[in-house]
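Going by the order they are written in, the chains are A, B, C and D; count residues from 1 in each one.
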Amino acid sequence: MRRALPILVVLAGLLAVIAVAQPNFLAPAALLAFVKRAAPLVILAAGQYFVIVSGEYDLSVGSLVTAEVVVAARLLDGSAEATWPVLALLVVLGLLVGLVNGVVTTLLRVPSFISTLGMLLILSGAIFLWTGGAPRGALPPQFRELGRGSLGPVPWSVLVLVAVAAGAICAMRAGFGHTLIAAGDNDRAAALSGVHVARVRTVAFMVSGLSAAVAAILLGGFAGVSAQVGQGLEFQAITAVVLGGVALGGGRGSVVAAMAGAFTLEALFTLLNLYGVSGALEPAVQGVIIIAAVALGGMSLPRGRAAAAS
Amino acid sequence: MTQQLDLRRLPAVGSFLRRLSADRPARAVYVALALLIVVGWLLFALDGGRFLSQENIVGIQQRSAALGIVAVGQTLVILAGSLDLSVAYLISLTTLVAAETMGGADAGVPVAVAAVLAVSATAGLVNGLIVTRLRVHAFIATLGVALVIRGVLDDRYDGPAGSVPESFQHLGYDRVGPLPVSALLWAAVAASAWFLLSRTRLGCRIYAVGGDAEVARLSGVRGERVVVAAHVLCSLCAGIAGLLLASRLGAGAPTVGTDGGYDLESIAAVVIGGTALAGGRGGVAGTVGGVLLLAVLDSIFNQLEVDSFAKDVVRGVVLVAALAIHARRRTA
Amino acid sequence: MRSTPRRLLASAALAVLTLPAAACTSDRPPPSASAAPAGSGGPRDDRGTGAQSKFFVRADYDAQMAMRRARPSGSPARPWEQSIAPRLVDTTRYKKAPPYHVCFSNAAVDNPWRQVGWKTMQAEAALHEEIGRLTALDAEGKDDKQISDIAELQDKGCDVLIVSPNTTATLTPAVSAACAKVPVIVFDRGVRTDCPVTFIKPIGGYAFGAEAAEFLIGKVPPGGKILALRILPGVDVLETRWSAAKVAFDKSDLDVVGVEFTDGDAARTKSIVSDYIQRHGRIDGVWMDAGATAVAAVEAFEDAGLPVPPINGEDQQDFLKKWNDAKLTAIAPTYPTYQWRTPVIAALKILKGEPVPKAWNLPQPTITQENLATYLKPGMPPLHYALCGCEDLPGYPEKWGGTS
Amino acid sequence: MHDCVLKMTGITKSFQGVRVLDGVDLEASAGEVHAVVGENGAGKSTLMKILAGAHAPDGGSVEIDGRTVVFGHPVQAQRAGVAIMHQELSLLPERTVAENVFLGREPVRRGLVDRAAMESATAELLDSVGEESFGPRDLVRRLPVARRQVVEIAKALSLNARIVVMDEPTAALAEHEAELLHTLVRRLASRGIAILYVSHRLREILDLADRITVLKDGSRVTTADASTMDAPTLVRLMIGRELDSYYPPRAAEPPGPVKLSVRGGGNARLRGIDLDLRAGEIVGLAGLQGSGRTELAKALFGAAPFTSGEMTPCRPCSVREGIAAGIGLVTEDRKAEGLLLNQPVRDNALLVTRATRMRRPGIERLLERVGLGPLRPTQEVRLLSGGNQQKVVLARWVAAAPRVLLLDEPTRGVDVGAKAAIHELTRELARDGTAVLMISSELPELIGMSDRIVVLRDGRIAGALPAGSTEESVMRLAAAS
């Protein structure tokens, strides 16, 4: 929690500024709507965190999200019966993609930047090769309930997010989380202490794949089938994680901070939109803020360490 | 006596080639390229085309020139242990700067070239300073700069703008025999970079800083300056690619860089060419091979009219396979 | 330990940085692409539609407005062969004996519209025995690659070259060069040269935008709040749609409360619409420059528990189905995919020496409540375009991803 | 010998309040091989680093050719004619020999690097040291370690160095490779270069050096002509004290059952290792640097396993199998192979038990046990002192309650208090039935702690000595050739 403090302060500040511009923003309904909207990115950031803290990257999540949505639509084709099996299949697909990423990275020793970039290309190509270029079929209402519906006043996606967050925090507190961070901090030392470095990294990629599957289920549910659904999500997720103070290169930062980073990014989008910095200048402001945040975060590190990280 | 020593130690034959590929990893990519050309030749023959026809050879060169120039720049930053994700947006920006400054007039060309080089050098300087002075990881630093450039583009342009005079379009369309001017430009950029890396102090220091920043420091190399210089040179290459594209397109286009995927594709070409993503190992020869490999692959795809989605799958597999092979060769 | 206060300092600095960034940009004049300020306190001009697009060309606008009312020549059953006010040009100099080698430089197949169109064109080409070979190169959305592709195709022994340009301005030199060697047919987007033998397009973007805007003006009571959703700025075919709508809205009593870019992303569209509903209480009409995310916009109202106001979409099946199921007050102007059949037909005409229109303007039907049932095609994929004109082609519906 | 090139006077240096050098004098003449010897921690490396400009002295002065110099950066020392060959070689493996030799000072002609000049100069340098097995254009990566040292020497020569510092140059070399290096050193000296030669190999020092300076506990004991010295004298001067009495008492009972046993174990660096480790016994492993001590520990642990021979409880062990079988290893290089510097004490201490899903002890009690009781478990390890860092690493293995514990230089870079605590803990573990193998370069420590000493030389076991053997006897076994 202590490590997440700076980003939580920033997040609180942003939410306060939004509330100034739009007083009803802090009403429960509006706040829930905000959380619902942020949920997929927060979940992706949580998954990406596992990979980054172990010292790797996962660039394939965006195209994995698209692939998952398109697969679901084609398999379900608007009929409800197969909803649960298909949900299970999506989860398996996410895990499988993560497994391949992990094995290629750890056993074939391909840098993860490249292995997951290759996976990005392969997934986006293969999925449309299979569907003949554009998404086919449709997602039935039952499938979409998770992303669209709500339990009483609370959207399902918020509940899913809470479950994912709880799961991620538990995993990081459990032995797995500690060995993962150990592998990211000093893989040599970790290996000599009995950490199965290749295995925990592979599991981290699988967690990331799983998070992409969950995000895809929510995004597909929220807005239906689309070929663009996952576009650019990998960079957003990495940005969110880094914004949360998690160091690229591994071994530093908490999953709570990573998720707070994702909320912050989403709040930033909302704020920019609210103040009319829509479209055009939004990326520029975003770019400056990300660089500034990481630069400021780096200032509190000792010189040597930060230099090594660059 | 020195001459004798050299002769004794290195067979005279092949010494030039050996020096050209001071980066030995480049050999693998040329073997792959040769194999691919044979495969291409066979596939073309089966499909009723001629792989080694002048048109096809020109096509391969035309298609690879812009990517090739960017990839040469990317090689420099990667060798120095950094990375540049901002090249795609920078290319878009420079096509616009070029076309708008020229405004269709011949007189504008020198000014435009100067303006493009100034803009791109500035972008590189900013990248380099953020990476070295603010100590922001290159991935985030250049991604951030990319977003800033994108904001400028989105804010100022909503479509192709400016125009390039006829005279400047010679750059993009003319050719000397089977050699397009654009490919000659690429060759010149690659040769300069090769020259820089092998024959200048900066080149030696780029390898040193990327290979082991601490060793470089102990030898009196100022690592930060080297990284900044590499970023400036990389951005200049992006600027040159922007000029080339402007001459090809006849105008500036705000999406030409991102549509071309020059950021990730240039990195892919560099690493396929055997340059280590971590820096310090590899070189321009490998990158040229990597770009040609991708271009020949494209040419085969074109002949066979392969679905663009299948192309992506093949490219992804080639990328990962190439890196896995390089990793194996390293440890073997 | 020492790091904690510094981190706090850093966060505070970041927060400080964020505020002015937001504050100092809030009073900027809206960007040229006419994105109106969304904040209720922000400045705005009287209509909220911003400045007119620099893509707006009065003469073209007037011509398209006229064409909307014109009667196309030819059989209404085969709209892809119809043309509006054709001015025929002689093509006898291109006359050749079959078999023909038809070449096609395609900008991309990266969206469902182009997918449907490309399949339609392939099926059309397969209909004709005279066509010995169809060589197509996909530029993958890259101008530079398309330029190379066009150059490469000229040397493949093509008898005719069909080009669907990726962008207008930038492909002009390449097309001009090709004109010198082979008869060229351009469709969808144009080029800035009249060297192609024929330029095929539906009436165009102004007609699309005006059709939808006029529908909303008719259905939404005066003073009603309109939200305009656009995909992205800078694309000529989309800019014209909005600029025509702007002309119509500016003359009306409607209040355009926002013009937003969706990037064609359904989730973003839904979020934007939800934001506007929350901010303005209600939205009385939605104008869209493309139908891809229309369903997402509709769902935003449904999820907010509000009735769906008058809206326009396009001829994609998911929207038509939603329209039918939810009994929407809607309209769907189209940019018909059947135009992909026409270049092949034109190519054959040219190679046979038959005259073709210099500017081949195809009719551009609008789907309304009255004819909705004819275009609703259960069994076709959600992103299939109803006006593919492909129902009579071999392989339908399976080839287009549908089931019979 | 009268041409005094280097004169260091009254050099003083402290690190975090610990005085490492205390008024040390050192001088060297042109053409002289001047050996600097001393136990680990005597201050040799620090003295050399001050000379090379890597550290600034707190007091004293350095004169080169009669002029006082102050170095702020290693490059300044280089310019002044001081070249240092580090223990860890500072070469770029992916670059050619010539590029490495001239790194940072590439010869330039008309603005361009003059490769021909660079390569011919390198070729000449290599020639002048009689090196024929490789040329200036070979990649350093392709050279064996011994040859890489030649590159370092060539680099020193290219600097026109007046003074060359060699810090344990033969540590990683086999005997015949060391011979070659000696030839080279003599050749350099004959050119009028002053060579400061730091080594633990007494025989080589006596063979090679003209003068010998002995350091002990940060002070100079003596400087004398090598001809007046012999090995026993040298050892006595270096150690120069009675065996300290503060080592914990040895086990009263005879050792228990064999917990780990190797017969004929061998791999790339080791041959014919026969070794038994018994419950309750501390076995000291002695040997010069490069004799294969660390390699033996890693082979037993499974990090670089034996490729031949028999070993129980498992062969070849993987690390995880080794840990599961109750083997633990405290590595020599704490920072590179031991600690997770950015993680808190707790995560470091519990790493092994977490990684292998063993039952975890309470962190408070664990820290108490290794003498870190007052430490907060949430404190980041990189902020701790060397002694406490080492205790954290020990805690990691104590938590796993190993049957066999391998300690590789457990007290290197650790202050006196922590050292005693680590000794106490080690003995305690043995008393509780752990079989301990302890590697140390500090002979008094090794002798004080061990129930039995095994001496390693050139990858083989040279012999075993009983508890209470003299340092001379250990040295004789370790250094004999």
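By definition in this document, a contact is a pair of C-beta atoms (placed from the backbone, for glycine too) under 8 Å apart; a residue touches a chain by one contact, two chains touch by 3 or more.
Keep in mind that what you see is a predicted model, and the values were worked out from it rather than measured.
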Touch-network distance, chain C to chain D, counted in steps: 2
Intersection of contact partners for chain A and chain D: B
Reference chain B; chain at largest CA-centroid distance: D
Centre distance in Å when chain A and chain C are each reduced to the mean of their C-alpha atoms: 32
Separation of mean Cα positions, chain C and chain B [Å, integer]: 34
Where chain B and chain D are represented by their mean Cα positions, the distance between them in whole Å: 45
Chain A: positions in contact with at least two other chains: 133, 279-281, 285, 288
Multi-chain contact residues (two or more partners), chain B: 154-155, 307-308, 311
Two or more partner chains touched - positions in chain C: 31, 33, 109, 233
Interchain contacts (touch definition) - all pairs: A-B, A-C, A-D, B-C, B-D
Contact footprint of chain B on chain A as seen in their complex: 57, 104, 108-111, 113-115, 117-129, 133, 235, 238-239, 242, 247-249, 279-288, 290-291, 294-295, 298, 306-307, 309-310
Chain B residues touching chain D - in the complex, by the definition given at the top: 1-2, 5-6, 9-10, 18-19, 22, 24, 198-201, 203-205, 207-208, 211-212, 214-216, 218-221, 280-281
Complex interface listing, chain A residues touching chain C: 2, 5-7, 9-10, 13-14, 17, 21-22, 24, 30, 33, 37, 40, 73, 131-138, 148, 219, 222-229, 231, 268, 271-281, 285, 288-289, 292-293, 296-297, 299-301
Contacting residues of chain D [partner chain A, same complex]: 301, 303, 319-320, 323, 329, 331, 336-343, 347, 350-352, 354-357, 396
Of all residues in chain B, those that touch chain A in their complex: 82, 130-132, 134-141, 143-148, 150-152, 154-155, 213, 264, 267-268, 271, 277-278, 307-317, 319-320, 323-324, 327-328, 331
